[in-house]
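In the two complexes that follow, chain A is the common piece, with chain B as its partner first and chain C second.
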Partner chain A sequence: MPEPTRPLVSGATLGAGRHGASQNNLADTVFGVLVWGSALAVTAGFLWLVGEIVVSGFGAISWEFLTSEPASSGRAGGISTILVATLGILGICLAVSIPLGLGTALFLSEFSQGENRMGRFVRASLDVLAGVPSIVFGLFGNAFFCVALGFGFSILSGGLTLACMVLPILIRSIELGLRAVPNDYRVAAAALDLSKSRMIVRVLLPAAAPGLIAGLLLGIGRATAETAALIFTSGYVDRMPESVFDSGRALSIHIYDLAMNVPGGEANAYGTALVLVGLLLVINFVATHLVERFVSGRIQSA
Partner chain B sequence: MKVKSTDRILVWSLRAASATAGSLVLLILCFLVLESVEGITRVGAGRFLNDPGWHPSQGAESEFSLVPMIAATIASTIGAILLAGPVGVLAAVFCRFYAPPKLARAFRSIVELLAGIPSVVYGFWGLVTLVPLVRELAPPGASLLAGILVLAMMIVPTVALLAFAALKNVPPGHLEGATALGLSRWTTIVKVVFPSAASGLGVAIVLGTMRAIGETMAVLMVCGNITKVPSSLFDPVRTLTANIALELGYATQEHRAVLFVSGLALMIMIVLLVFVQERLQRRARLA
Partner chain C sequence: MACGPVSSLREVRAEILELGCDTPGCTAQRLGPPPAGALLSVRDVSVRYGTKVALEAVDLDVYQDRVTALIGPSGCGKTSLLSCLNRMTDLVPGCTVSGSIRFDGRDVATEQDTGWLRRSVGMVFQRPNPFPLSIRDNIWLPLKEHGCKHSELAARTEEVLTQVGLWNEVKERLDQPALSLSGGQQQRLCIARALTLRPRLLLMDEPCSALDPLSTEVIERLILDLRGTVSIVIVTHNLAQARRVADDVVVFWNHDDSGCVIEAGEAEAVFANPRQPDTVAYLSGLRG
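And now, the complex of A and B:
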């Protein structure tokens, strides 16, 4: 949204009249201390958490660690099989959620303007889906993909469960990206007698591309971070998976297992945590910057 | 205008995609209900509350009391939101009204980074740092208190980011008016900004609560997982979510069904909170 004019009162000038109201001085100070204290607490927590993972995890990471198979339940060796399984689960998740998510987002932004009944139903149900706890996705994935469809504990079951889970965030961000495309583009395409489908492929999707990629990255981030939904769908076998029907252990589950069930697994748990956090920070950083660049770019051209 | 045939195919495939995405929630509900039925009919709903304890896999002598887990979920959620609610809102106030622009931007990125850290990493961090600290206060360390602290840390970013969005929506005229009246910063924020942003702040708290109820990994790793109603902050507890994560792997028959019942209970709580949140959101948009 473009800022119409500079606001007269910003954070810095707020309360400029406080000398006139001296009975509030004490309350003002106390409140200020609380506000700064909260900000400091959040920052301290962040530094403590990230510092702990980076300092203790750095020693465990090496090329060797990334490329060798885990040995003695993960205490020794590396995480190569874990990385492969994680990529497999992500691949399945994206192969299913991208077409579904893109289709739904296109429908919501281009074909259900106003108060369309189907649009309203889809939106409401996605709102609920976004709030469903990940362990409940795990229950559902186990009952539906593993048992009812007979996929068993496998990369396929895990990927499909994650696909259900990332759909709301994927759809919401893709839809935002599509809505940020100025309406002139659509009108111009219609004036040129382009069909709706050509308009979408040739005009809308290219124009919205950075927003779509950012949405995709957010989805990938959410899927990579997930643990609880995977324990009972993709399982925790740490051998190299040979097909999508094999069980495979994701990075996050590896951390959980090393920390809770493997005495002496702490060093490698730190290493794996650092790999996971590093990956996610990169993904989120790129996603937020793409979004900001995209949104400000739109405003200038509009 | 003539509708081209490719367009017709396109519209129908988009509709199909949306219908699939839209009915996922119903599919999930169906499967939860289907798998719970055996638990509710064979065990009986009353026993979830009245059985003396949780001993789910002992044949005819099995006991299925969910009370300890429900108590743990409620206690950890309330504790976490009592800590994270004020801290999150005040952090947002800091970002909006106190910090100089550069510091505000840096602080916001920190909060965004915290929001992106996976729950299993929070759990691991809690296990290696907080649990030993709590153990020094009162053994065993893995406890309700450790769970509350880790949960609070996890939901602060959620609350702060949403509260910040709510504060940003306060009309600039309100702030100008308050300044013109010579109100102090504290009075402006408490008497003008908070009432104006109340619904949006409510949304932030509700979404934080939802995350705390549904969180599994972090509490699973730091709470000790004993199925007893806690009598102090230092008692080990097991939440509903942790119970599912611990036992689904080997549960069969009634036991498995009861785990699905607890999943269904979680789902119902979340649906109710989503309704509250939408109410608040609509009111925030009108305000």
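And now, the complex of A and C:
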């Protein structure tokens, strides 16, 4: 079996026999080493990080760990309440941000013809929002949802704050997905006198599905990994939440707390980190898989 | 230098090659009031994109149950004219249309009910553009939108797919994605989709330019079969195709960067006996 293509070798072969071949060889070698080096460095960093989490966290994982409540500030026991709170926060975040994001993205791509003033204004606001640090979102969420609206430290406040934070990325990627749909479909629908709503629901959204799911995944990833914005809004009570008005501790905050504030909490911190990474991987895998099946059923030849 | 009416190819070739004849420009025939038999009458229509004039002062008539071919070199406004006829120009920002277009006794330009217009005037595009749905849903979508009863859906689907000669090819796999069909089949599906609304006039914008010769032949035969069921206006670059399918032809030409009509009439007459020097040159392959 031939080895996979190695730039270093082919570069050397190309340079050989030409004028100034040795200089070319040297330059190509240096260049090749740099390119390969950076790729290896990044991969190594990633592997080290994941490896560390898996090796140190695997021992903590058990069915028991996932289903029992934390005890002794999280040193002992499991993370059931944390999982419930995390899913609650994520659920509220998505329930609010998906419809709002989809609506705004549809406005930007289908209803603001050309570059009108409203469209430009919405885009500029989103760019500013996307650049706001998450700790500022946390303070805003605290002032607005917890205090002004009176939701207190609660899963609801946390979910709503995350929704604000996720919206800019979500809208941008949904809009890109919608714009990537060929104009042919819109024109064909108009020529058949299809209503805009039917065109959007039956033709545009299905055709844009891969882009929409990609945007959703980015949003979910961002929301699940968020810590700073949640400290001020959903709080870090680790009891089982009874409603969305109760405070609840998200996975990321649990990791932070165990690692920084609880001596002897490292083992469970690693276990929780492994659960968080695993959760993200599963969500990614399922969504990608769904999109592939959907796309092969609709768009490409079966 | 003015060019008088020319009768033979040799004469015009001599004028163009040896004497350097000026183009006579848009010496289009100005037509009178719409004749009684015309399904569609276009008078003095100009199309602008922003400040650019794409088409200037076009007059033409389209008759019931005939195939009218719009021919001429690229960029002379054939597609622009086609898009005016069902107001697809509304979708193009900055596009303005002036003049009068009468279809079926109603004024297209001021028609409030563009839905009626687009249902009566179907359109098929240059690139086949079936929706990324199943073959069946491509036909059902417009039918359902326009109130076809559920019990009639299957029959209407078979009817239009048979009309375009696709029924036997796809009846076993109506649930497969439309995009799994070949290019020619996709284009016939698009024609079937346009026919679902039983239009009186079908606009076709170079329907074969993205297809191979065999698929092109199938579509051309289909056009001839449809003649008598629906009136057709077809834009084509392919002179041989116009000769094969058209009853009437309208010749467009480019003058000072904007398009205009230089000659129109029954296909046989125009091909056999072109009156304008530019038409002669274009049809003989000397220009355009």
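By definition in this document, the second predicted complex is superposed on the first by the 240 of 302 C-alpha atoms of A that agree within 3 Å, B and C clash if a C-alpha of one lies under 4 Å from a C-alpha of the other, contacts with A are read in each partner's own complex, and residues count from 1 in each chain.
FYI, a contact is a pair of C-beta atoms (placed from the backbone, for glycine too) under 8 Å apart; a residue touches a chain by one contact, two chains touch by 3 or more.
What you see is a predicted model, and the numbers here were worked out from it, not measured in a lab.
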Quick check for you: in the superposed arrangement, does A:R202 touch first (chain B), second (chain C), both or neither? second
Where does A:G51 make contact in the superposed view: on chain B (first), on chain C (second), on both, or on neither? neither
Touching A:N284 in the superposition: chain B (first), chain C (second), both, neither? first
Could you say whether A:G59 touches chain B, chain C, both of them, or neither, answering first, second, both or neither? neither
Thinking of the overlay built on chain A, is A:G264 touched by chain B (first), by chain C (second), by both, or by neither? neither
Looking at A:V187, would you say it contacts chain B, chain C, both, or neither? Reply first, second, both or neither. second
If you tally the residues of chain A touched by each partner, is the higher count for chain B or for chain C? B
Once chain A of both complexes is superposed, is A:V42 in touch with chain B (first), chain C (second), both, or neither? first
Overlap of the chain B and chain C footprints on chain A, residue-wise? 195
Complex contact set, residues of chain A against chain C: 113-114, 182, 184-195, 198, 202-203, 206-207, 297-302
Using the touch rule from the top, collect the residues of chain A that touch chain B in their complex. 7-9, 11-18, 20-21, 24-25, 27-28, 31-32, 34-39, 41-43, 45-46, 48-50, 52-53, 99-104, 106-108, 111, 118-119, 121-122, 125-129, 131-140, 142-144, 148, 164, 167, 171, 195-197, 200, 221, 224-228, 231-232, 252-253, 255-256, 259-260, 266, 269, 273, 276-277, 280-281, 283-284, 288
Which of the residues in chain B come into contact with chain A in the complex? 4, 6-7, 9-11, 13-28, 31-32, 34-35, 86-88, 90-91, 93-100, 104, 107, 110-114, 116-125, 127-129, 153, 156-157, 160, 172, 175-176, 178-179, 181-190, 207, 210, 213-217, 220-221, 241, 244-245, 248-249, 259-260, 263, 266-267, 270-271, 273-274, 278
Inside the complex, what are the residues of chain C that reach chain A? 86, 88, 91, 93, 114-115, 118-119, 122-123, 125, 127, 129-133, 137, 141-142, 145-146, 176-177, 179-180, 190, 193-194, 196-197
